[in-house]
Amino acid sequence: MTAEQLIFLIVAAVTLVAGISVVTSRNLIHSALWLILTLFGVAIFYVLLDAGFFAVIQVIVYIGAIAILFIFAAMLTRRVMQDTGPQTNPNWWFGGLIALLLFAGIAFVLINWQGFSSLAPELANPSGRINQLGLALVSLDQYVLPFELASVLLVAGMIGAIFVAGEKKQ
Amino acid sequence: MIPLSWYLMFAAILFCVGMYGVLVRKNAIAILMGIELMLNSVNINLIAFWRYRSSDGIAGQAFAIIVFAVAAAEVAVGLALIISIYRRRSSVVADDMNMLKW
Amino acid sequence: MYFLSDPITFIANWLGNLLLGWGVTQPVVTVILKFIGAGLVGTFGFSLVIFTIWLERKLYGRIQDRLGPNRVGPWGIFQTFPDMIKIFTKEYITPVGADKVVYNLAPILSVSAVLLTWAVIPFAQTIVGTDVNVGVLYLVAVGGIGALGIILAGYSSNNKYSLLGAFRAVAQIVSYEVPMVLALLVPVLLGRSMGVNSLVNAQSIWFVIMSPIAAFIFFTSSMAETGRAPFDLLEAESELVAGYQTEYSGLKFGMFYVGEFLHAFTISALTATLFLGGWRGPWAEQIPILGVVWFFLKAFIVYFVVVLIRISMPRLRIDQMLNFNWKFLTPLALVLLVVTSVVDKLFYIIIPGFNIVGGIIPWVRAGVHLLVNAIIVLITVQILKTHQIKGLQVVRKPRPVAVAPEPPALVIS
Amino acid sequence: MSIETIVWLLPLPPLLAFFLIVLFTNRSKALSHSIAIGAAFLSWLGSMVVFFRAIRTEHLGSNPFTSVLNWLPTGDSWFQIGIRIDPLSAGTLFFVAWTVLMIFIYSVGYHNFGQPQGDHDKPGLQPHGATIADEHGHTHVVPSIEPMYSRFFAFIGLFAFGMYTLVVSDNLVTLFVGWEIMGLCSYLLIGFWYQKPSARAAMIKAFLTTRVGDVFMLLGIAYLYSAIGSLSYSEIFKPETLQKLVSTPAIGGILGLSAAGMIGILLFIGTVGKSAQWPLHVWLPDAMEGPTPVSAMIHAATMVSAGVYMVIRMFPLLQAGSEGGHLTPAMSLMTVIGAFTAIFAATIAIAQNDIKRVLAYSTISQLGYMVAALGIGAYVAAAFHLITHAFFKALLFLGSGSVIHGVEHGVLHTGEHVDPQDMFNMGGLWKKMPVTFWTFLIGGFALSGFPLVTAGFWSKDEILADAFGNGHWVIFITLALAALLTAFYTMRQITLTFLGEPRTESAQHAQETSWTMTLPLVILAIFAVSIGWAGISESFPVIGGLLPNFVHEFIGGTLTKAPEILPFNIWPLIVSIAVALGGLTLGWLVYRNQKAGAEDPLKIALGPVHTMLKRKYYFDEIYNKIFVRPAYWLADNFTNQILDRGIIDSVLHFIVRVASNVGHIFRNYFDKPVVNGFGDFVGEGIKKIGRGLKFIQTGKVQQYLLMALVLAVGAMFYFVFTFVQH
C-alpha cells in the first residue's frame, strides 16, 4: 500500500460518500454542498492522474461556476413546503435496482476487458502537456472543430439561458 | 502504483450513484446534480484511459475539455429552464412537468 | 548556498538532510517539508494582516487629518492585538433556523480561499510556495471558492438581508471575475507561460510598461473582487446592515474581517508579482533575500494605492458598478487581449525583417506594446467623450426671461 | 429591266393596289381610285411594251419570252413555275390590258365619284341619290356616290391581278391560281351590293356552278400531272409527250378514250363552267346583279374569255391523235356543246327585256361560237374571234351601263318608280345620249357582224368559212342561224333603247353620262372597228391583199405546225352578209314604232314559245329540282336524321350505357370494398396501435429515462453474453 494508493482510497471513499449523500440528502442546498465536495474529490483524482491542468479547470468550472449556479437555482426555487416530503418519486426502488444492474453489467464488462488492470506507464515531459493540449485544441488537423463547436455551444447556451430565464419586461 | 481498474470501478460506482439520483430524485435540480455526477465519472474515465492507455496522444484530454464545456452549457440551460418553469408552474417537481404545453 | 543571500532554502536543505539523517524516506521528507513550508506561509500571511490593519487605520487617520491609533505601543503598532483579543472573547451567537453546518463552514471557506493564493506567489527566485505550471489558473480557481464562501454565509444565516447581501456580493464577484481573468491572460500572453514564477522571470521589462491597460483592468477588477473601496456594496452599512456578515459574531466575524484585509493585501501582492516584476530588482538573482525586499516594497506601494482609493472614492451604485464592468471593463479587456495577441504574433513575424541587434529586441517589443496600449487608450477616451457629449446634450426649453421694453423710436423722423 | 422581268411584274401592280386600298386607303375614295387606276395603267403600259416587243421578234412561237423559278421542292426535283409570252398570250395580253384599263376608268364615273353622300345610303345597297338645294333654293335629287367606293376598286384590282397571272403563266398551276382568284373576285363583285338578297343568291350560284367546272378541271390537271410529271406548256406540247398521252388509254377506259382525250374533256368541262357553256350557263345571267363595270369586265371581256383562252392554249393536247380532218372525241364534244350553246343562248336572248340580260345571253352564244370554232379545228379563227369579241362585248356592256346610268338619272329627276334596266321603259335616247348611242351602235353592228366595217364580221366570217371549208354542214347551218338571231336581238335592243319615242317620263329626262364613262366607250369603239382589219384573209376578193393577214401568221405561230389557209369560197361570205343584214333589218322593222306599255310584238308572234324563251327554258327551275332540292333533302333528313341522330347517336348512347355500367361495377365491387377498405384498415389499425401504445407517454421524464435505461441494460447484457464471452 504505497502512499499514493492510500490517498486514492481515502479520497475515493470521501467522494463516494459525498456522491451518495448528494443523491440521498433531503435538503437541496446540502446536496449542492455535497456535490461540491464530490467535485473536489474528482479534482484530486485528476491530480493523481497527473492532469494538474484538469484539476484546476475542474475547480474553476465546476466549483467556481456550476456549483454556485446550483446553489443559486436551489435558492431561487426554494419553498418551505418542498423540502419536507419524501425526496424520491414513488418507484424509487426500481430505479435503484436498474442502477445496480447497470453497475453489475459495467463491472462485468470491465473485468473481462484485458487491459483492466494495466499499470500506468511513465509520463513523458509532464510539463509540456498543457502546451500539447493547447496546440491540439487549435491545430487544424486535430481538435479545432470540436473546440469551436464547444465554444458555439457555450454561447448558444448562454443566450438561451438568458432568454429563457430572463424576466420578460412586458 | 494504482492500477487502472481502481479508477474504472470508482467511476462506475459514481456513475451508477448519479444514475440512481437522476432516476429517483423528485426535484428537477437534484436530477441535474445527478447528471453532473455522471458527467464527472465520464471525465474521470477519459482522463484515466488517457493516462493509462495512450498517454503520448492527447485525445483523452481534448475530449475531457469538450465534456467540461458541454456540462457547463447543459447546466446553464437546464437551470434556466427549470427556473422559468418554476416561475410559470411554481413547482420544480419533475413529475409535475408532464405536459408539453400548459 | 550562502546563508545570508538565501536563508530559507538554506534552512530547508539543512532540515531535509537532518530528516534524511533520521532515516525518513525521501518522499516522506518532501511531504514534511511541504507541510512546514505551507504552515510558514499561512502564519506569515496572517501576521502580515496584523501589520496591514494597523497600517490602514494609521493611513485613514492621517488622510482624514487625524492621528489614527497611537495609544498601544509606539505609533499604535500594537493596536491590532487588543482588537484581536476583543474579537476572540466575543460570544458565538448562531441565529435560530440557521443551517449550522453551512453557517460554520462559510467563514472558513472565505478565509481559506484568500490564504490559498499565497501558495503560488513567489517571494524570491528560490522562495516560492509551489511552482505549479498552471499558477495563474490556480489563482482564478481560488477566487471562485471565495465567492462560494460568501454565498453560503448569506444563505445559512437565515436572514433576508444577509441573503440579499450575499446575492449582490456574488453577482459582483462573479461578474468582475470575467475582466480579471481576461486581464490575467495578457501577462500570460506576454510571458508565454502560466506559471507565476516563470512569469516573474520573463519580466525583464515590467509587464506594466508593456501593457498598462491590463494592469489597470486587473487592479480595478480584483479591487471589486475584494469588495472594498468604491465597490464595497457588500456590507454597505446604510442599506444592508453588514451584508452577509450580519449574523456572524465573535471569531467567525473576525475570520471574515481578517479574510477581507488579507484579500486586499493579496491583490496588491498579485499586482506586484504579475505586473511590477515581483521580486525582480538589481542583484535579485544573486541574492534571493533581496528579491523578497523588492517584492514587499512593490506590494506595499500597491497596497498604499488600494487604501488611498478606498478612502477617497465614494461608493458606487449597483447599476453603475455592473455597467462599469459589463459596458467598459470587459469589452476593453477583450479588445486588449485580441490586439496584444495579434500585435505580438505580428511582431515575431516581422522582427526578423529588420536586422536589429538581438539585445534590444525585448525593448523594441515593449515599445511596440506600449504604443498599441496608448492607441487603445486614446480610442477609448474618444469613444467615452462622444458618449459623454451625447449624454450632456439634453437641451432644456429656455425659461421665459423678463426683458425691459425697448425705448420709443426717435421722434425726429 | 429585261422583258422577262417586266412580264413577271405585270400582275403585281393591281395586287399591290388591292392591298394598299384594303389595308390603308379605303377611307379616302379619291386616293383609292387613283391607286387602282395607276396600277391598271402600269400593268397596261407593261403589257403594251411586252406586246410590241413580242410583235417585233421573229418566230415568237418557237422562242417565246420565258423565265422559270423553283417554287416547291418535290423530292429531289423542284416544281417550277414561270412566265411565257408567245403569240397567243401576247394577243390575249393586248386585249386584257386595254379592257381592264378602260373598265377601271369607266367605273370611276359609274360609281358617281364627286357626287354628294347619299341621304340614307347604306353600304351593301345601291346608292339612292341625294337631295341637294341649289342656289335658287328648290331641291332636287342627284345621284349619290357609292358608299363602298374604294372596296369596289380593291376587288377589281385583285381581279386584274388574277387575269394577268392567268395570261402570263407558263404552266397550268399558276393558270389555275389566276382562274380561282378570278372566280373569287366574280363571287365578291357579283355580290357587291350584298344587302340585296338577289345579289347574294346570284353570287353563291355563280361561285358554285363555276366551282363544279373547276373540280373537273382540277381532276384534269391532276391526271395530266400524274401522267407526265410536269404541268408547264413547254413540257406538255412536246410531240413525244403528246404521243405518250395519246397512246396510253385513259384510266377506267371510259368510252375507249385515250389519256389525252380524257384530260382534254376534263379541262373542257372546266371551261364549260367558267365560260358558262350550255349545262353550266345558268350563273351568267344572274351575275348581272353586280355593278355594270363588273359585268363588263368579268362577264364579257376577261373572265369568261379566260376559259376559252385556256382551251385554245390546250388545243394541241385536244387535237392530239386526230389524223387530217377527223375530230378527236374531245373536239367533237366541244363542237356539239359550242354550237348548241350558241343557238340555245341566242334564242333566249331575243326574249329578254333587261338590257344587261340580253347581252349576257349574247356573250354565252358568242363563247359557244368560239368553242365550236375550236372544236372544228379553226384555231386562228377562234383566237381572232376571242380578241374581237372581248372588245365589242366590253363596249356593249359599258354602253348599256351608261344607258342605265342616264335613265337612272332621269328616274331620280322625275321621282318615277320604274326599272332603269328594262328596255321597254327607254326609247328615243339617241337624242339625249348621242356618244353612247353611236358607240353602242358600232358595238351592236360588230356583234351582229355588219359586213366589211366591223371587226365582228371578219372574225365570225372566218369561223363560218372554216366550218364551211372543212365540210361541217350542220355546224355551218346552226352557226349561221345563231348569227341571224344575234343580229335580230342586237337590232331589237338598239331600236328599243335608242330609236323611236321615249316611252317613259324618266327616259324623257335621261342625260348623257360624264366623260369618264364615254371616253372608254369611244376607245373601245375604235378597236371594235379597227381590230378586224388585222385579220383579213389574203384571198378575199377585193381588199384581200391590202393588209397582211397579220392575225393568221402571228397567232398561228403559236402552234408548232401553222394551220393551213383554206382556199377562199364565196358561199360562206354571202351567207354571213345576208344573215347579218337580214337580222338587222328584221329587228328594226319589228320594233320600229314600239309604243309605251305595248306588248312585245315577238311575244304576240311566238306566244307560249316566247314565255318559254323568257323563262330561259326553265333551266333554273330544272336545276333547282334536280340538284338543289335533293342536296337539301340529303343534308336534312338523310345525313342529319338518319345518319347522325339515328346511327351515331345511338352508338354513342350505347357506349355511354356500357361505360356507366362498367364504372358502376368497378365502383361497388372493387373500389369501395378493396381500395377504400384497405385504406380504412390501415388507418384504423394504426389508430388501434396508437391507442395501445398511449400508456407509455406518461409525460414523466424519469419514466422515459427508466425505460431507456432498461433497454440499454438489456442490450448491454445481450452484448456482454454474446460477444465478450470468448
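In this document, chain identifiers A, B, C and D correspond to the written order of the chains, with residue numbering beginning at 1 in each.
Throughout what follows, a contact is a pair of C-beta atoms (placed from the backbone, for glycine too) under 8 Å apart; a residue touches a chain by one contact, two chains touch by 3 or more.
If you're wondering where the values come from, they're calculated on a predicted model, not measured in any experiment.
Separation of chain C from chain D in touch steps, taking the shortest path, is 2.
Simply put, of A-C and A-D, more C-beta pairs touch at A-C. Here B is the chain whose Cα centre lies closest to the centre of all protein Cα atoms.
Summarising the inter-chain layout, the chain whose CA centre lies farthest from the centre of chain D is C.
Distance between chain A and chain C, defined via averaged C-alpha coordinates, is recorded as 30 Å.
Computed from the mean C-alpha positions, the centre of chain B lies at a distance of 34 Å from the centre of chain C. If you average the CA atoms of chain A and of chain D, the two centres end up 112 Å from each other. Between chain A and chain B, the centres computed from C-alpha atoms are 6 Å apart. For chain A, residues touching at least two other chains, in rising order: 53, 57, 65, 72, 89, 94-95, 98, 102, 106.
Along chain C, no residue makes contact with two or more other chains. Each of the following residues of chain D touches two or more other chains: 700, 702, 706, 709. All chain pairs that touch, listed by label, are A-B, A-C, A-D, B-D. The touching residues of chain D, counted against chain A in their complex, run 700, 702, 706, 709-710, 712-713, 716-717, 720, 724.
Within the complex, the chain A residues that touch chain C are 3, 27, 29-30, 33, 36, 52-53, 56-57, 59-60, 63-65, 67-68, 71-72, 75, 127, 130.
For chain B in complex with chain A, the touching residues are 1-10, 12-21, 23-27, 29-30, 32-34, 36-37, 40, 43-44, 47-48, 50-53, 55-56, 58, 61-66, 68-77, 79-84, 86, 90, 92-95. Chain A contributes residues 89, 91, 94-95, 98, 101-102, 105-106, 108-109, 112 to its touches with chain D in the complex.
Chain contact summary for the complex, chain C toward chain A: residues 27-28, 31, 99, 101-102, 105, 132-134, 137-138, 140-145, 147-148, 151-152, 155, 163, 170, 174, 177, 194.
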